[in-house]
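For reference, chains read A, B, C and D in written order, and residue numbers begin at 1 within each chain.
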Amino acid sequence: MTHSATPALERVTVLANDRVAEGVGLIVLLAPRCAASVRPGQFVHLRVTDARDLILRRPFSVHRAEGETIEILYQVLGEGTLRLAEKEPGDTSMDLVGPLGHGWWVPEGAVHALIVTGGLGAAPLGMLAEQLAESGIAAVTAMGAPTASRLVARDLYESVTRRVEVATDDGSAGEHGFVTAVTARLFAVERFDVVYTCGPEVMQRAIVAQAREAGVPCQVSLERLMACGIGACLSCVVTTTEGRKRACVDGPVFDAGEVCWDDSELPPRH
Amino acid sequence: MTHSATPALERVTVLANDRVAEGVGLIVLLAPRCAASVRPGQFVHLRVTDARDLILRRPFSVHRAEGETIEILYQVLGEGTLRLAEKEPGDTSMDLVGPLGHGWWVPEGAVHALIVTGGLGAAPLGMLAEQLAESGIAAVTAMGAPTASRLVARDLYESVTRRVEVATDDGSAGEHGFVTAVTARLFAVERFDVVYTCGPEVMQRAIVAQAREAGVPCQVSLERLMACGIGACLSCVVTTTEGRKRACVDGPVFDAGEVCWDDSELPPRH
Amino acid sequence: MTQSSRPGTSPDMRVRIGALELKNPVMAASGTFASGREFADFIDLSRLGAIVTKGVSPQAWAGNDSPRIAETASGMLNSIGLQNPGVEAFCAKDLAWLAENAADTPVIVNVSGHSQSQYAEVIERLESERVDAYELNISCPNVDEGGMAFGTTCEAAADVVTACRPLTKRPLIVKLSPNVTDIAAIAQSVEAAGADAVSLINTLLGMAVDASKRRPKLARVVGGLSGPAIKPVALRMVWQVASAVTVPVIGMGGIVTAEDAVEFLLCGATAVAVGTANFMDPTAAIRVVDGLEGWCRHYGVAAVTELVGALEVDA
Amino acid sequence: MTQSSRPGTSPDMRVRIGALELKNPVMAASGTFASGREFADFIDLSRLGAIVTKGVSPQAWAGNDSPRIAETASGMLNSIGLQNPGVEAFCAKDLAWLAENAADTPVIVNVSGHSQSQYAEVIERLESERVDAYELNISCPNVDEGGMAFGTTCEAAADVVTACRPLTKRPLIVKLSPNVTDIAAIAQSVEAAGADAVSLINTLLGMAVDASKRRPKLARVVGGLSGPAIKPVALRMVWQVASAVTVPVIGMGGIVTAEDAVEFLLCGATAVAVGTANFMDPTAAIRVVDGLEGWCRHYGVAAVTELVGALEVDA
């Protein structure tokens, strides 16, 4: 298990903010304290505006951390991410609370990993892919997206994992179809010690089922509405085999085996 | 009397926004429709933010209009003017309603005018000074400010009025003392056909009293809290000899003779 | 999602408030729109579902002292206090102007009084005028006598309606106060007394303080809170009232966009009113009219009435 | 402006809630701060005036279904529903942790129940524990039985206090609901029944709708509105209640900054609580503590109690 570093409130400076796919931006933030301690799968709770109309922070996974910076891959959905997309380099109006939550972990003795991403699910798995490469664990990546223009972070996975297989719903990149078809084939021919997945919850469930069938332990990163992000408000509950847990501190990464999937818990835009 | 042009809702582009004195900015807005029709003493009701926390527009006098642009001289006081000060050239997030209100007028046959400004009171009198110059009316300007670093628009008045006399509370520019000392002297030695004044209401009242004594008609521009800015909400009432009037449509410029000065009507930051 | 017509076809935007048919469900809310004249420079008044006038009393009321407004987070307080020139001047100026300049927009007069008989007096005077409906304001938090006092108990609320009902055949709308424990009960009592519709919410009683001056921001100390801040309370009350009465509900409180309006319709409002948003943007009411029609097109809603009360709630 | 000491000298920040002395008037509000543990990474808990815990019931409560929150303009709705592990687990985990990690911060336990006897049960269990005061939550809008039902009539509110009063000598604070016509009357009735203080406001009952899905945003449909949006209503109620009772008032609702806190004190609150702002910024409560002391220094206020009820209102 990862040992989480103490979170803190940290003001950030925007170093870059660019559109990297249809409706998706990559923002690079100077956040030395967070960058130094964040672990794969953790997230930051970002105050995207000084204005008082949006009172809640927005949770975003740390996609990558390098030196004093962290990178966030974000999809523009509503008012908060719209305002995030407008931030210019040099902006110092935002602060974050982080690093937060319980990230991915590497099971004892694992040497072959499968990473499965759907859409923006590629965001929280970036740091993990890098870390697996550093620790000499061979990973295969299966990436799904609706269409080529919405495929994100492919380059990162190409560069740090052994192989990347892509599927798009419309066939505009990689295979024509769902990523679950790719993984079904992979499970049939390769042996993995662990599966990591993030993406639309319907996709995650399919992957979890395949992993269970293949007898491979599986970890999932879940999204829930979050007010505090630090375990105090009980707005982000996930029903598990051990009762209601908090996605923000007990997750966002959970062992797939303990999650009792409940659609009503999903955020509205999922 | 000036005939007001029809007001409209107009999106504006920021062309420049610079600090011109201590706590004072000058913002230049591309606003062709307003620029073409605004008259001296009128104002615009500016939406300074897209965010929903500040729901009210902010009223600002048009300091100058040139070609397709208008200029606003603004003092940073609270959240709204803070956000205004942060706007960068190229910003297109604001819109205005304007031109609004009833501005300065030139009494039949007037040839000598006195303009008296206190602090930011120099803002709404800028266009008037230019117009008087164009129509060959000789104007003298008396400008007051707390200190030299807070004296605004002196250059404009130097260039379009016959003479500018300055007083600062601390003597750092012009005479040491209040502008009312300057005007008392002016009234004693010169004859004016009309007095125009804007500034802190206590100053305005002193000027009004001097003008009355000198038997010169006087016009004042008043500030009131404004919600709609167009005459519909009755939040901006000014008690006059003819009952409660609305500063946004019946003013902001009033004949000093009809105003029943009532401190409680003043905006909080006056 | 019901898809009762193909996206793109022209939706039927008409709604009925009792006997009154509106061309669309979007009104301008009382007190935020004067009698429309000030907005004619910005919008085509004839495109509104209805104009609800500022409160009108038998004689002129001077209103409260200044300051009368204060901005708050996503909202504003007002304590205008129903300043108006009285019903006679209102007929001569406002109604006359409306007859000439907005002849095909229904006019709903917001009626104010310090006593039951004052409400009655205003209605009696207006019966001979071109007025389409009355909205009895028993919920103004900004006057000492009458106003909200009538709107906070079932009995007082019903009594005002009972006094006015015999005087007119025109639709009688009762504007409800949100400053109560049980707004549904009050709605039921005015319905029983003969109201043709209820409108809600009027403003929430609030206060703002200038800390450094140690003074209230409003001369009257307290005032009415309106704007986006109150929308959640307004939606909840519309939802509660719509499930408690059978007469139409006119919903308002923080509506700025067409999406806001849809939310009110889904909660059970047959029509909506745009208030404070008129100050934010003088074209707000028309933007809601257009946006609502666009919404219906986009979601293939053939008649806007399909949205009324269509919120899907788990049993 | 009273200038009772030279700016710069150290102001006396202590206030009393009944027999309980607080080192400063700033508490963390119930349900927004758990039992403090989650905030210990960000702030020094010992600098808070008091910690008010999340609501505690005799047995574990599971809380409501998800979604449990929705953001609104300058506010948020929650329908957490008092999820808590029950008083026994609370003693074993939360109070034990607090005793070890925040020994000199007063702990006020927010007490919940579905019935009078359940409130009593929680208090009885806690009497042997290190607890400094109880806050009876008779105003939670998010539970079906009990909760707000106790807080909306004078009788029911007084009955809960009457049932609990004999069980403890510790200060009994009653948390009032704003969803009532006359909050001052309810405050008076709990004062008469023996409450040592009242705290207000709890959340305003509200609702949010996802228009395109035609569904309520909260699984429970309605929830409690908190945050800056409600500050005007909260200030007004504190002002009304403070003029109606003699026991101390603890004010809350939308406090984010020290200036907000001053506004509540001026309206008559002896202490304040920071709620939703803890989510906006986990250091919010301490910023208010520091800011309030800074305020007193700046304005030469020698003792923070001088601010209590010091609003200047024209007669």
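In the analysis below, a contact is a pair of C-beta atoms (placed from the backbone, for glycine too) under 8 Å apart; a residue touches a chain by one contact, two chains touch by 3 or more.
Just so it is clear, the structure is predicted and the values come from calculations on it, not from any experiment.
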item	value
Chains touching both chain B and chain D, listed by label	A, C
Remotest chain, chain B as reference, centres from CA atoms	A
For chain A paired with chain B, centre-to-centre distance based on mean C-alpha positions, whole Å	54
Chain A-chain D separation of Cα centroids, rounded to whole Å	36
Chain A and chain C, separation of their C-alpha mean positions in angstrom	47
Of all residues in chain D, the ones touching two or more other chains	73-75, 213, 219, 227-228
Multi-chain contact sites of chain A, meaning residues that touch two or more partners	52-54
Overall pattern in which the protein chains touch one another (line/ring/star/complete/other)	complete
Contact footprint of chain D on chain A as seen in their complex	6-9, 47, 52-57, 95, 97, 224-225, 227-235, 237, 244, 249, 262, 264-265, 267-268
Residues of chain C that touch chain D when the two form their complex	1, 72-75, 77, 152-153, 179-181, 204-209, 211-216, 219, 221-222, 225, 227-233, 235-236, 239, 254, 259, 262-263, 266-267, 295, 299, 310-314
Residues of chain C that touch chain A when the two form their complex	73-74, 228
Touching residues on chain D, where the partner in the complex is chain A	31-34, 38-39, 41-42, 62-63, 65-71, 73-76, 78, 80, 83, 210, 213, 217, 219, 227-228, 256, 276, 278-283
Residue ranges of chain A touching chain B (in the complex, touch as defined)	49, 51-54
